[in-house]
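What follows is subunit A paired twice: with subunit B in the first complex and subunit C in the second.
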Partner chain A sequence: MKFFKSLTTGQRTIALSLGFMLVLSIVRLFTNADDITSSGTLSSTLRVATPILLAGLAGVWAERVGIVNIGIEGMMIVGTWFGAYGAWKWGSWAGIALAIFAGSLVGLLHALATVRFNVNHVVSGIAINILAAGATEYLSIIFFKGQKGGGESQSPAGKGGYGEFDMPFLSGGRIGSWRSPDILGWLEKKHDLPLLPDLAGVLRGLVSDIYVPTIVAIALVPITAYILWRTRFGLRVRSSGESPQAGESLGVSINRLRYQAMAISGGLAAFGGAYLSCVFTSTYRQGQTGGQGYIGLATTIFGNWTPFGVFRGAILFGFPSALKFRDEKNVPALLLVIAVILVALGIVSAMKNKQILTMGLFIGSAISAATYFLVDDVPQEFVAATPYIVTILVLAGAQQQLRPPAYAGIPYRAGENH
Partner chain B sequence: MKNPRLQRMLVTSASSLLAVFVALCICAVILLITGKDPIEAYRTLFGAAGETKVLQGALNRATPLMISAAAVAIGFKMNLFNIGVEGQMRVALLATAVAGAAVDLPAPLHILFCLVVAMASGAIWAGIAGWLKVKRGVNEVISTIMLNFVALSLVAWAFDSFFRAESTTGSLLVKTKELPTSAWFPDIVDRRLNGMFFVAILVLVLFYVLVWKTKFGFQLRASGANAGASRVTGVNPKRMVMISMLLSGALAGLVGMRALLGDVHAYQNNLAEQQGFNGIAVALLGRNHPLGIFISALLFGYLGEASGRLQLIDIPKEITTIMTGIIVLAVVIINEAVKRWDDRRIQHKAALALESAAVPA
Partner chain C sequence: MTGQSQFGQSHLGQSQLAVELHGITKRFPGVIANHDIELLVRPGTIHAIVGENGAGKSTLMKTLYGMHQPDEGTITVNGTLVQFKTPTDAIAAGIGMVHQHFMLADNLTITENIILGAEPVDHRGRINFKEARDRIEALMTSLGATFNPDTNVSELGVGQRQRVEILKVLYRGAKILILDEPTAVLVPQEVEELFTTLKRLVADGATVIFISHKLDEVLAYCDEITVIRQGTSVAHTEPSQVTRRSLAELMVGSDLPDPSGRETKVGDDVRLQVTGLNLAGDIAGAKLALEDINVAVHAGEIVGIAGVEGNGQFELCESILGLRTILSGSISVCGQELSHTETRERINMGLSYIPFDRHREGLLLDAPLWENTFLGREENAGLTNGPFISRNKIEADCRTIIDRFGVLTPSEQVPAFALSGGNQQKLVVGREMAGHPKILLAAHPTRGVDVGAQAAIWDELRHARDNGLGVLLISADLEELIGLSDRILVMFDGRVTAHLNPATATPEMLGTYMTGEEQGVDG
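Let's look at the complex of A and B:
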């Protein structure tokens, strides 16, 4: 325990992820569910996780500036529609650009309602969700109905792709016309070894078959962290979410900051929507977001309002769905993973003398393991509900560790409360 | 016009009317931009108001909206935001469909049994959010959103794995076992207006009595307006949170009953979909007051019923969804502006009164 505490945050993250890999590796050897650490699963996890990640970053920007954004879902819906429209008319990247532009406008609308008119943030968010759903359905009928490949609730296919990327040497990417060796791919196939093929698979998943928009989205994680914690603008954004009066007293225009941050938040959410309608598939479909905006909101909380936390949450929440996409047979192996992790957590809490928590964790672990041996397949609905349940559990159990921006959602008017 | 309460009521209803008017104007602009004729659209939309059939349909659609708006409003009175009405309704729908089909009772008792099951199961699901708020300090907005999705998955799974019945009519739609006729809620007008309408009215009346005419209601409003102050007078805010959450959930359980007991008589996917969610808009437009809720529910019910007419003149009926969203935004914005104006007016009056009182002295 002491040793663990002496490590830096970065070292701790590495230690924890290695431990997690070890658990996955043991479970893989035990269950023969090779796909749980294959590069294919990891690259589809990234694909599934990208829109969630972007929605989560949208939540970080909004809440850090002090505005609760329930409207992420609506902003994503707007992104799916405008992304598909742009891709259909002018090509793939134009679609994403148009979506980001439209999303920023919706973000500004949310800011207008909450900042200028001091509307309850949750009410404004709900209104935006209703508006976005209604407006996109309306626009689809006007613009997509009767077009080739389009319909009342579906857009015609977008033009152009995005290009995929393989890292040279690690996953057999090309340098010019020469195909470099696929070192990680070779290592990944040595299934009998412990840990090594798992690490290779995960790493290869991160560097092979990635769409360029995914790379952009992942790059936005450190960029967001840098802007929010290392620049003057970021400091001011955070001050607006923690104590706007303090910022105001130092001459910061809180209202302008809130407009700017909400435009960014809306743009990010819409980028996530456009990813669904342009990159993940090539058409807009009504109801395509399916609550992913809310999962994004959940990752904002789960990630403790930090970009890297959101990234972790998006991967975690995307993983079961990706596994499900590839081969349903692998999903039950996750139950064993959960069981092992719960035992580990139980041991830690036992060392801290928290008897009730320890007992709960061990019972949870036993249930999870027993379920693995009793059922053959985990219903789709449980996979779908996991992010929401995890978020509720985190909120209920780890409230002390969570640190939301102090002023998020609280009505604020410039010049008052002094 | 000297009565300040009457003045306030006039101000609030005027601001709600203004919100609807603003929404109509904005939608007219949207229609114009997209090349449709707004005057023709509104003539078609509101021209149907004279037809008995349409009005009956509007009342029928207003029924669940009234109940879900009351469920939302009772939370609002306590400063709680129950976004989970949709999920609570869904849990109650399946629970009632299953429990109702399993028992055999004479007609009025059977219906009563179903209503009680619905209220209890809705209250239990809402109680989770209440418990999380009281014991663990979890914000109810987040927890009810998350619980909505959990409810959706849980109900879909339970329905699919345990309760789907083999279809007897050869229909492709999968349902639970049909409720016996003793559990069917009778129609007022056959297939057009269900008797649950009266239950909804009763809910609104009881809501009024409970919130404005009882000691509990006073404590509820006091605790919602200022938890600290009312705590000093001996009102336990945690207890009030739990009770109002349970009450809200119990009402939420009733939302889907018009569709279940009065129409389909079995659970199926998408049954009563969105009806819990739409109550939020109705409650906001109705300013959490039973009379306001009644009128707003009628408006939204009417829009839903008459919107189909728009398609006859080649205008997408989704314009009414846009209208709903704009109404919600407009009503809260206008309320806020009017509240500020009203506060200033009252301050000004008080200042004048003080001045005139000070002069003779």
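Let's look at the complex of A and C:
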């Protein structure tokens, strides 16, 4: 315990990830569910996680500047529609660009309501969600209905793809026309070894078969962190969410900052939406977002309003979803993973002398292990619900240590604080 | 009093003044806040501006800081006639203001709070943290501050936060500092530290304008004094030429009420009896918040509790009220044991409470006055019609309280936030007295109120005491404790560490007991 505390944050993250990999590796050897650490699972995890990641980053930008953005879902919906429209008319990247532009406008609309007219942030956000759902349906009737492949709830297919990326040497990417060896792929197939194939699989998942927009989205994590914590603009954004009076009294224009940050937030959310309608699939479908905006907002919260926290949250949610997509037989293995993790948490809490918590964790562990061994057929509904259950469990567990921006969602009028 | 003689020789206007205000008049719709004010501040001095709450001190300082423009009059800074449209103009002219309510972002570091709005950046907008840090550390050395500029502001105490506010102002190159009631939130030791800091700044060539209504500190630490009364400047003087009393009379404009002296006797029956009270700390495993507290308050007696804030006074009040579950010990009111009764029943038995923080606990700021005076008295048959509240009766009752305590307000319909601090406090005191309690827990009953309101509240407390009310008085104002109390207990670290006799106690003596330097029972 003392040793762990002496580590830096980076070292702790590495130690925890290695520990987690070890758990996965043991479970894989035990259950033969090879997919839980395969590169395919990992790359589809990234694919599932990307829209959530972008929605989460949208939440970070909004809440850090002091605005609660329940409207992320609506901004994503706008993104799905405009992304598909742009991709259909002009090609794939134009779709994403158009979506980001449209999303920024919706973000500005939310800012206008909350900053200029002081509308309650939740009310304005919900209005945006309803408006977005209605408006896109209406626009579909005008623009998509009667087109080839289009209809009132669906767009025609978009033009062009995005290109996939494989890292040379590590996962067999091409250099010119020469195909380099796939080192990680070779290592991954040594299923009898512990840990090594798992690490290889995870790494290979990160560097093979990746859409370029995914790379852009992941790059936005450190970029957001850099802007928020290293630049003047970022410091002012954070001060606006913590204590707008402080900034205002020092000559910072809080209102302008809030418009700017909300434009960024809306653009990011719409990028997430466009990812669904242009990258993940190639058509817009009504209801395509399926509440991912809300899940993104949840990752904002349990990511403690930091970009890297959001990234973790998005992966955490994406992983069970990806397993489910690849082969539903993998999901029961997750129960064992949960059991092992609960035992580990139980040991930690026992060392901290928290008896009730320890007992709860051990009982939880026993239940999930018993379920794995006793139940042969996991019901379809449970499989579908796994990502949500995992999200709820983590939310509940993380709740206590979170520190939201102090002024997020509180009405503020410039010049009224003196 | 360093530099005192130097000011004695020279007279106004001899050298260039740091700040010169002539004929400043500021009107708001329906009110003249400032009228023909003259203010002359010599460079390198601590200049106090004293006056009652609502006398117009803050309005004047906002004018000087560019937060609004005067309707008439001129502002001259360092010999140059200026017009400030915004605080940014004032900052550019070297004026900085430390607001009474701190404007700090808790979750940002000290450095981030200080540089906000004036960040040193490269051409890409990236903050140069090293440059910022170097400058801040240099300023901290000159202030004598010793915190790590990378810690979050949330980890700082009130005194340190104030120092960060001062650093913010200095970082922007201010040479003239305005401090708006800086000591209102500080405990005595922190006040001392603040003035040490200000003396250093003045020695380095800064000028400090210090707004206050606490006469002791003004007399002890300031070089010159300007008195503001009812929106205009009435006197310019120096501490050596006035006494505490004459200064107070200048502020109020009339003679002050006599200090205490009692004719009635302390009653025999014990109204409040606390025996062997123990209360667990906030965190499991931490030390006790209250340890073996024994207090008795008789009818017609005021028992004062002295102590630096945070030494258990708040917990004691909450335990007596039943807001906290005690570990062991007993509490009784008029001989009735209270251990297993609800707060509601305790209030019905005659317990009443003037809370520590009128904004957080005492008032609903957005609610009208009549709703506020009804709070906690919902079961008072005189204010209800069966199960319904009777608005007529409550409003009449509220008007009685307003009249009796001299609350300055247009009517009982205005929201509580519209009242000044002193009037809010009078309303709270009036409400708590209106139920004719048998025992009153009065926590800082005159904190942040002006001299006039203070005298009114003191009168009411004495009057009620003479009629048999038992009062447990918690106060940081040592004069108030010594003047009002029949006995004084000192609390330190969750324990009662001394019993003192107010007839022989002095503020200095209380101070040494309060900081735990001396313990043990005394006369």
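As a working rule, the second predicted complex is superposed on the first by the 393 of 418 C-alpha atoms of A that agree within 3 Å, B and C clash if a C-alpha of one lies under 4 Å from a C-alpha of the other, contacts with A are read in each partner's own complex, and residues count from 1 in each chain.
Everything below uses one rule, namely that contacts are C-beta pairs under 8 Å (C-beta built on N, C-alpha and C of every residue); 3 or more make two chains touch, one makes a residue touch a chain.
Since the structure is predicted, the reported quantities are computational estimates derived from the model, not experimental observations.
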**OP:** Figure out whether A:Ser239 sits in contact with subunit B (first) or subunit C (second), or with both, or with neither.
**Re:** second
Original post:
Of the partners subunit B and subunit C, which touch A:Ala350 in the superposed model: first, second, both, neither?
Top reply: neither
Original post:
Is A:Arg230 in contact with subunit B, with subunit C, with both, or with neither (first, second, both, neither)?
Top reply: second
**OP:** Identify the partner contact of A:Pro405: answer first if only subunit B is touched, second if only subunit C is, both if each is, neither if none is.
**Re:** second
Original post:
So which one touches more of the residues on subunit A, subunit B or subunit C?
Top reply: B
**OP:** Using the touch definition from the top, say if A:Gly251 reaches subunit B (first), subunit C (second), both or neither.
**Re:** second
**OP:** Flag every residue of subunit C that touches subunit A in the complex, lowest number first.
**Re:** 62, 67, 86-88, 91, 99, 103-108, 112-113, 115-119, 121, 124-127, 168
**OP:** Under the touch definition given earlier, write down the residues of subunit A that touch subunit C in their complex.
**Re:** 230-233, 235-236, 238-239, 242-243, 245-247, 249-252, 403, 405-406, 417-418
**OP:** Name, in rising order, each residue of subunit A that touches subunit B in their complex.
**Re:** 68, 70, 113, 117-120, 122-124, 126-135, 137-139, 141-142, 291, 294, 297-298, 301, 379, 381-382, 384-385, 388-389, 391-392, 395-397, 399
**OP:** Please name which positions on subunit B make contact with subunit A in the complex.
**Re:** 30, 34-35, 81, 83, 132, 136-139, 141-143, 145-147, 149-150, 152-154, 156-157, 160-161, 280-281, 284, 316, 318-326, 328-329, 332-333, 336-337
